[in-house]
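What follows is chain A paired twice: with chain B in the first complex and chain C in the second.
What follows is the complex of A and B.
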């Protein structure tokens, strides 16, 4: 029983980070209609940029963080402005392929600059575990969880009350209607990529504190994609719920099945779960069910 | 649009693929050129051509499912893996002759493709892309975790192909086995587009609901498209194994550093232009040349920057692939074959075109 609770708890902790990354994907998809498969690569880039300032240049944490996020904003803006805006109006396959190519480009640039060796941040989060009765929680995961949860709440209020957040939701609803009320679609597109990049960077830094700064962070980011589809492509609550489900199922299945099949279950379970759920609910748990007309 | 002075007088003329004298001349020249290549080209060119041919088979499969039928698949590398492992296992553990193992690999791969095609009835677009990525992960994971059969992460030996007592134990000999298969598969793919099934695929791509209203059984035709595509991938895998000599799960991953990764394959289909076999050929040639440039550059770069030696292929492959695809898609989102059509039309309409 303790093992089970322990696995669920660590599942929730990891799941919150998946949710955070998934929200970035959902946001970009909702407002621009582009499925950004490069979210994992942007996540990895963000983790490496912080590494550069924090370790290689040895700047204080808060300055390094601020600069990392400024660079993430720049990256998001540049990607949208130069790679995806020219493709507005083209088939969605072309835009998808560009984000796919972006993975190769970003991974290549990161290996070019930092090499393929795994790195670590200096510990800015204490490592001694928290004990809750029989359960053990690593502090890194706990911090990540609360930061991720805080960011999710912050975005919730941004989309509910802030002028720009409301404008982005309007654009997501209907491009023409939004434009006719005076909302700039281009600004909304840029903004959603900027926010997507910022979220990815936050997720990357949180993941890297526990998993280390490696190229394989991109693959971890790829796991956010089943989360997106599980929850439904258009749904931010879906991304949150989906992240928690994937996190929990992954940890529980890994904990119980790994000894039986010789490890590695965690890597494949999210995808199996996604395929099964999509067979039953083709638009995910909270996705918008499209009524099609000829 | 037909060239000036070309008329259809019989049905046979209307259906012919190669029709004008110029086309016949070019066709024969290309065939002779390809078949006599090993006589005068270097070993490097021969082995690159084999690799390109194998890649082309896999891309043709993708061109059927994505180009004709409009169902996006990023799982092709997984199906290539299924084909490669099936033929290697059949040949080493069950002593099956190569000529039987290749089609067997195709059919096993098609069966696996059918399993992952089931969701395609209800889901489309990005959801389907993710299911096929999932398929890839699941296939590779299964290969790694069946070490008794597949050798696990270490991989297994894929023996040289042999027919009767004759072993294709050098690149030049193997070339004469692979290239006819490539030509045959290209011819088949071109013709699939003109059959009942091919027309049904195009109808499904253009509007699946309208197609269903017209009496096309969506489920069976989507399954058929996936099975055909996986069959092509399986054949490609079965041919790829003997060429590599030793196969391991790494050879079938989706990374940019792997020449047969699904990312490259989809890139080839899209850069070539979806919905045309010519596009698949052009896209394959274009990106293969890019891959060769990358691998030719690697030693030069490695001597200039020794620190980069270990990961140069991944780095430059990734950067060049990314840049090429992005720049290309922004310049011509509809692909090389579209460009070629524009060129042909303007040539035929001259002086009225521009």
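What follows is the complex of A and C.
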């Protein structure tokens, strides 16, 4: 029983980060109609940029963080402005291929600059675990969880109450209506990419504190894929729930099955789940069901 | 071409616009003027270019030639959201609403352009932001009263019946506090009672709020009743422009609506 609770708890902790990353994907898909498969690559880049400032240049943590996030904002803006805006009005596939190409580009860039060795951040989160009765939690996970949850809550308030959040919700629902009430679609598009990149960077840094700064962070970021498919492509609450479910399933399955098959279950299970979801509920738990009239 | 002198007085002046999609000429040299106090109806057979004209006025389409002035300001090259910010509001033939949001939220979303402070800060402390939110809420609640939508203010609009959704769309356009209202078939698909309500609302908007209106409408009875001026389009050309009486007796209009046969009438002006 303790093992089970322990696994669920770690699942929730890591799931919160998946939720965060998936929100970025959903946000971009909702407002621009582009499925950004490169979210994981942007996440990895973010983690490496912090590494460069924090370790290679040895700058203080808070300055390194500020600069990393400023660069993330710039990256999000530039990607939208130069890679995707020219494709407005083109087919879904064209924009999707650009994001696919971006994965190769960003991975190549990272390999070129930092090589393929895994790196680590210096420990800026205390390592001694927190004990909750019989349950043990690493501080890294706990911090990550609360930071991810805090960011999710912050975005919730942004969308509900901020002028630009309101504009973005309007654009996500109906482009024509939004334009006719004085909302600039282009601004909303840039903003969703900027937020998407910032979210990815935050997720990357949180994941890297425990998993290390490696190229394979991009693969971890790819777990946003089963998360958004489970939750539904258009649903931000779906991304949150989906992230937690994927996190829990992965940890529980890993915990019980790993000893039997010799490891690696955690990597596979989310994608197995994704295939099952696509078969059973192609629009996800909270997605918009498209009715096709014939 | 110099600016027509009439743009000084009129709310909207469309000057000789040409719009084509590939080989199809949607608008061929259409001009139109809307005064400060006017309800103008655009009529014409299907495919005459009515919606294209409206889309050109609000900036969804960019005519290849011609100019458009709004309150004396040239808006020909402005994007549609800029035009909306200047006070050009519109509704759509096929309702375009934020279907997942409530009536209230749909209207509040249109207040976006008038917001200076953020509600975010309003939620955290009382101050200017809080006052501003109250002000926006008041404007929106007034519109809800005005259009008699109290019963549906908290309902998600996707679930509302057609006639109500049309009304919410009109409410959203009003929430912009527009200086000109463009309505694309506001009464299409409504029953007689709903049509009467809508006609009354349009007249009220015009009389109480003093907002000039341009509307596309197929119901000739409604058009004759409420429009000060009627513009008739056919195959992308303006074939008549005048009071409803003048237009009704115009032989080109009769021909466009009823077919080839030349009525044996004389003395009508084109």
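Quick notes on this structure:
Here is the rule we use: the second predicted complex is superposed on the first by the 293 of 294 C-alpha atoms of A that agree within 3 Å, B and C clash if a C-alpha of one lies under 4 Å from a C-alpha of the other, contacts with A are read in each partner's own complex, and residues count from 1 in each chain.
The rule is simple: a residue touches a chain if its C-beta (ideal position, glycine included) is under 8 Å from a C-beta of that chain, and two chains touch if they have at least 3 such contacts.
Because the structure is a prediction, the values reported are computed rather than measured.
In the superposed model, A:94 lies in contact with chain B only, and not with chain C. In the superposition on chain A, contact of A:63 is made with neither chain B nor chain C.
Look at A:153: by the touch rule set out above, it reaches neither chain B nor chain C.
Contacts of A:169 after superposition: chain C is touched, whereas chain B is not reached. After overlaying the two complexes on the shared chain, residue contacts for A:267 are found with chain B alone; chain C is out of touch. The contact surfaces that chain B and chain C form on chain A in the two complexes do not overlap at any residue.
Those residues of chain A that touch chain B in the shared complex are 29, 35, 37, 83, 86-87, 90-94, 96-98, 100-109, 111-112, 115-116, 222, 225-226, 228-229, 233, 261-262, 264, 267-268, 271-272, 274-275, 278-279, 282-284, 292-294.
Contact residues of chain C toward chain A in the complex are 58-60, 79-82, 84-85, 89-90, 92, 96-101, 108-110, 112-113, 115, 118-120, 122-123, 172-173, 175-176.
Contacts from chain A toward chain C in the complex involve residues 157-158, 160-163, 166-167, 169-170, 173-174, 176-185. Interface residues of chain B, counted against chain A in their complex, comprise 72, 116, 118-119, 122-123, 125-127, 129-131, 133-135, 137-138, 141, 144-145, 207, 209-210, 213, 256, 263, 266-267, 270, 274, 307-308, 310-311, 314-326, 329-330, 333.
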